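Look at the two complexes coming up: chain A is in both, with chain B in one and chain C in the other.
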Partner chain A sequence: MSSKDIKIKDFGKKTDKLYNLDLKNLPGLPYPYENWQDSPIPELSEIKRKGKNITLDGFLNIAVPEPETEEEKEAMVAKFLEGLRKLLSRENNWTFLKPLLLSLDNCVKCNTCSEACPIFEMSGGAEIYRPLFRSDVFRRIIKKHFSPGGKLTAKFTGADIDLNWDTIARLAQLAYRCNLCRRCAQTCPMGVDNGLIAREIRKLFSQELNIAPAELHGEGTVKQLDTGSSTGISPVALMDLMEFVEEDITDRTGLNIKIPFDKAGADILLIHNAGEFLSWPENIEAFAIIFELAGLSWTLSSEMVGYDSVNYGLFYDDVQLAKVTLRHAEVAKKLGVKKVVVGECGHAHKAIMTIGDRIWLGECNIPRESSMVTLEDLIVNEKIMVDPLRNDFPVTLHDPCNLTRSMGVIEPQRRVLKKICPQFREMTPHGVNNYCCGGGSGFAIMQSNNFPNWRYLVPGRKKFEQILKAFTREELSPDVHKYVCAPCSNCKGQIRDLLTYYDAWERAGIMYGGLVELVVNAMTDVREGFHEWDFH
Partner chain B sequence: MPTFTYGDISIEVDEDGFMQEPEQWNEEIAKALASTEGVEEMTEDHWKLANYLRDYYLKFGIAPMIRKLCKETGFSLKYVYEMYPSGPAKGACKVAGLPKPTGCV
Partner chain C sequence: MYWAQVITYVSIIVAVIAMIAKVLRYLTAPESFRWELYPVPHEKGRAEYGGSYLEELDWWSKPRHSDWFKEISEMMQEIFLLKGVYHNNKKVWTFSLPFHLGCYLTIGWLLFLLLGGILETAGVAVGTGGNTFASVIHYLTIIFGYAGLVLAGVGALGLFAWRSSNKAQRRYNSPAEYINLLIFVAVVTVTLISQLGADPSFTTLRSYVGSLVTFGAAPPLGTLMTIEIVMISLLIMYVPLTRMSHFVAKYFLYHSVRWNDEPNERGSKLEKRLMELLDQKVGWSGDHIKTGEKWIDIVQETGNEQ
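Up next, the complex of A and B:
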């Protein structure tokens, strides 16, 4: 079925694949990628497909089961409806009921959201990827099953949808074809938040049907609460990694820095995304160098969960969200710090600083600050000295959605960059109007099956286009080293994967990294050459 | 859960071919897994890296950071990719019998 012919009433249709993403329909890329040939999308083997419903678009990032018998399917449908009833009741959904109802009620189908959505745009206009499409499937189910006489009048009231297992299984998959970037919500004249609707659908599936991507749940929040970190880093492993980090600081800079742990009463508890410890230790090192040389009173935590700021619950499940943020609050309270500073992780900012507000109460109501703000104070107020000429190469800035659109932290990181990078330039658009990296809502960590191809080809392609356009043709020579500054671990992972897929380090000399690495690279109290141009 | 078979070897693996029961790992299994990773022959350096990863995993329950791995084995990241084309996390760790990396890595 061609993309344009897919209607909402077809959503429950019996077919192996409702929509096929055709590489031929994808918009082209600018210089030097005009003739770029995408790799074919890998076919999923029988073993990978077995027992799963992959009938939306053939991409697999959430293992939705395909029950064998009709009875089992009916039971699952009933369970879904029970979950939906809960989602629409105050006692079961006190967290997000009101914005959900407002978003369900107020859409006027003007499709302004579609124009704002990079997934719709970069798929070449696939109907099912319209932000409105997903929300309308959901609205129709609600209208048909939860309004008086809904089933009888469905055909006449626009509630015509067949609620079979395929409908539900596809809705679960479609909730994971949205980065929750909320660009659509920002542009909607009625204030409808399609991102929130997608997230509430994910929540229904997780909390009621126990269906969630393994990376977010079993290997995400569950592992974090069990071992201390979603990466599996235990407190013992952490100490080994930190020993290496200290040695590495000395090797790179000649400085001897002892990283403070569990220092009760310190002014600042700094909390990193634990992915940094394993993939980007230079980020951990740079924070330590800056904080130490600025003479701050600070500490890291080695308590379970206290050294991993991630909270994947934000993406899919309120219960897991609350468990993790409660743990963060307890760690901060126990240490008796004056404030918590969140490192370079976008969604952790949102979870710890805003959504967690309802948990960080009473004794746990500890001030929380973005590291962008901490850094701005140190650099703009000249508490550390920098020589911008050490960063005399083209630099552009990626805005993590949670930090910028969702929280309004826009200028601090720019004031820093303007002080330390003489060749800093913006992407278009940027700030609150930014485009997601394409890895948002946990997609960056979904490395299995054929899903990485989807995030490189569709949402990631928009970011890659923006990155290319931030530089001139001359600058796009592989001999000119360029830096995409992405102050968020999840975004960094996605941008690393994007640059790798598009071979952009070799072809166009584009590298990526965080903000603090650039700061340390410019610090006059640190020997030159902290930043290394080795793509990793 | 898929089963991976190679000669007499039969082990449970996850959807990406990583061992599900890392404690069952041995050199024969490593060679079998290497065949899925574009590794034609397990040379001395292949073993050095696999054993390093293995030892670290047994001690700490995770794979080491890549920078540490390179420093402590003396292998450049480029050379690691030459040995294990899918790279340290997806290739070398799989052959060394480690589970798939998780979290924002």
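Up next, the complex of A and C:
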């Protein structure tokens, strides 16, 4: 069956793979990638496939267990319906019931959202990746099973869908073919949020059926709550890492900086995505240099969870989301800080600042601020001095969806870049209309099986196209070093992987990094050369 | 009582109940997590680029400036110009705008008929000459009536054609969506034929509406006008029962979700509501959730997660 011919009523069909991503259908890339040949998509080994339902599109990022008997399958269908009942109830889903009902009830099937979705576009228009496809599968199940006379009127009202195990297993997988970027919601004339619907589907599977990607659940929130961080860094290991960070600051800059930890009563608790400690310690170093040289009263925390801002619950599970954000609040309360400043991590911003807004109650309601804003104050108000010529190379900015579309933090990072990067230019579109990096909703940390290929080929391809278009043909020479500034740890991970897959450092001289690294690179109080053109 | 009147009364009662139920469905839904989406039009000086008060240093210590005029103007542009559809899907807008404007004018027409009916029962003749106010109502009824019916009919036909010609549309739209549009076309056609033929300035129709107000006897209606009245009455009942009344949900989607950026403050009413919600029991049965315990206890608990 051609990808464009798949209909919702085919969703429960018995077949090994409902849709096959064909490299030939993917849109081409601009200069210098006109003749780019994508690597073949790796086939999953028998061992990897064993016991799992991978019948949506053959990509594996959520291990949906395949029941062995028909009875087990029926039991799973019943459990799904029970979860759905809870999802539609006030008691169990107060957290999102209102936006969910509104998005379920309000779609007029105009398909405006499809044009806005990078996944639909970059798959070459694959029907199953249409935002409306997933939402309508879900809507039809609800209509058929939860509205009076739903089964009788199914054909007339468009609720004709078979609810069998394959439908459910594929729906779980399809919920993980969306970046939750909400670009579709922004263009929907009714305000319907297909991203929210995808997240609610994920939630149902996690909170009722125990089905969630390992990177988000077992290796994500569970590990974070158990060991202190989803990276597995314990408080003791953190201290060892910090010694390295301090030494590295001295090696790079000649400055001797002692990173403050657990300083009770400090003005600021700075909270980083712990991925930075392992992959980009220069980001941690840069924040420390800026805050110390600006004379701020600040601290990091070494308390469990307090040194890792990530909250993967935001992507799949309200209970885990609330547990993690409450830990953050309690750490801040215990330290007695005046405010929490969220480092360069988009989803942590949203979890701590706006979602946290409904959980950080009473004594825990401690003010929270974006580091973009804190940095803007220091640079634009000249509390630290910079020489923009130290950053005299082409720089473009990636907007993390959570920071921009979901929170409206748009201009502070731009005002900083305009002050420190003479060759700064925007991507098109940008700001609140940006495209997701393709790693959104947890995809950036999903490194196993064949899923990374999907995120490079489909959602990431849009970002890569945008990055290429931000530079002129001359600038795209590998000899001209260029910088994609991504003030978000997860976006940075995805952009690193994209540039690696497309060999963009070698072929086009494109490098990536955070915002603070550029700030320190321009600071006149710091030895020149903090930023190194060393792709990692 | 004339049976057509019974149908009209029942239709109005069902429509009112259905609308109230719809509003209550959203109005009484519990406070949810924040899920705003930018641009938020009341963000003074920032709405143009989609910014928020979170761009402000120490934002919690500063007054928040909300531009309600901008929010209302945005709403008006959404309602009367379908701004979002215009920007994102011009093809749909071409038919959707006349259809919506037609519906608004038709609602206005029904209200003018009602007003005219009340005036007549109070002894004021509605027509040309005589009382100025009554003659303004007379002309407005005619203008709103014909403009509304024609625009709604043309729009519904256009939407029907667009939904039929587009493959993606055919896939996702149920037979009900097509039939709904055809119902509109049918009601508009019958009304236009009936009125232009027998009652071009809506005099009889106004008397009929007046009879509904006084619970009095209906004026003599021909067969066609009786059919027309029954069809309009059934449509009034049908719309709130279908997705065609999406304007209710749209209002809540914008005001309580997309544009709701109200921060929670210590000691606020919002905080009190949230505390009550956290005091509820959790019914989910995932392994990581202690089913039956309160939200607050589950999320506060520390210890082994495995």
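Observations, loosely collected:
Going forward, the second predicted complex is superposed on the first by the 536 of 536 C-alpha atoms of A that agree within 3 Å, B and C clash if a C-alpha of one lies under 4 Å from a C-alpha of the other, contacts with A are read in each partner's own complex, and residues count from 1 in each chain.
Here, contacts are C-beta pairs under 8 Å (C-beta built on N, C-alpha and C of every residue); 3 or more make two chains touch, one makes a residue touch a chain.
Quantities reported herein were computed from a predicted structural model and do not represent experimental measurements.
Superposition of the two structures on chain A leaves chain B and chain C fitting side by side, clash-free. By the touch criterion defined above, A:215 lies against chain B but remains apart from chain C after alignment on the C-alpha atoms of chain A. In the superposition on chain A, A:423 makes contact with neither chain B nor chain C.
In the overlay built on the shared chain, the residue A:339 is in contact with chain C alone; chain B does not reach it. Chain A has more of its residues touched by C than by the other of chain B and chain C. Computed from Cα centres after superposition, the angle at chain A between chain B and chain C reads 160 degrees (steps of 10). In the overlay built on the shared chain, the residue A:48 is in contact with chain B alone; chain C does not reach it. For the pair chain B and chain C, the least inter-chain C-alpha distance in the overlaid model is 16 Å. In the three-chain superposition model, chain A touches both chain B and chain C at residues 223. Residues 7-8, 83, 86, 89-92, 94-99, 101-103, 105-112, 114-116, 127, 130, 132, 136, 155-159, 182, 185-193, 196, 206-210, 217, 221-223, 225-226, 304, 317-320, 322-323, 326-327, 339, 353-355, 357-362, 365, 367, 369-370, 372-374, 376-377, 404-412, 431-433 of chain A touch chain C in their complex.
Remark: chain B residues 2, 15-16, 59-68, 71, 77, 90, 100-105 touch chain A in the complex. Here chain A touches chain B in the complex through residues 47-48, 215, 219-220, 223-224, 227, 229-234, 236-237, 240-241, 244, 248, 273-279, 281, 308, 310, 345, 444-445, 447-449, 489-490, 493, 534, 536, going by the rule given at the top.
Across the complex, chain C meets chain A through its residues 25-26, 29-40, 43, 46, 49-61, 82, 84-85, 87-89, 92, 166, 168-169, 171-177, 243, 246, 249-250, 252-254, 256-258, 261, 263-266, 271, 274-275, 277-278, 280-289, 295, 298-302, 304-306.
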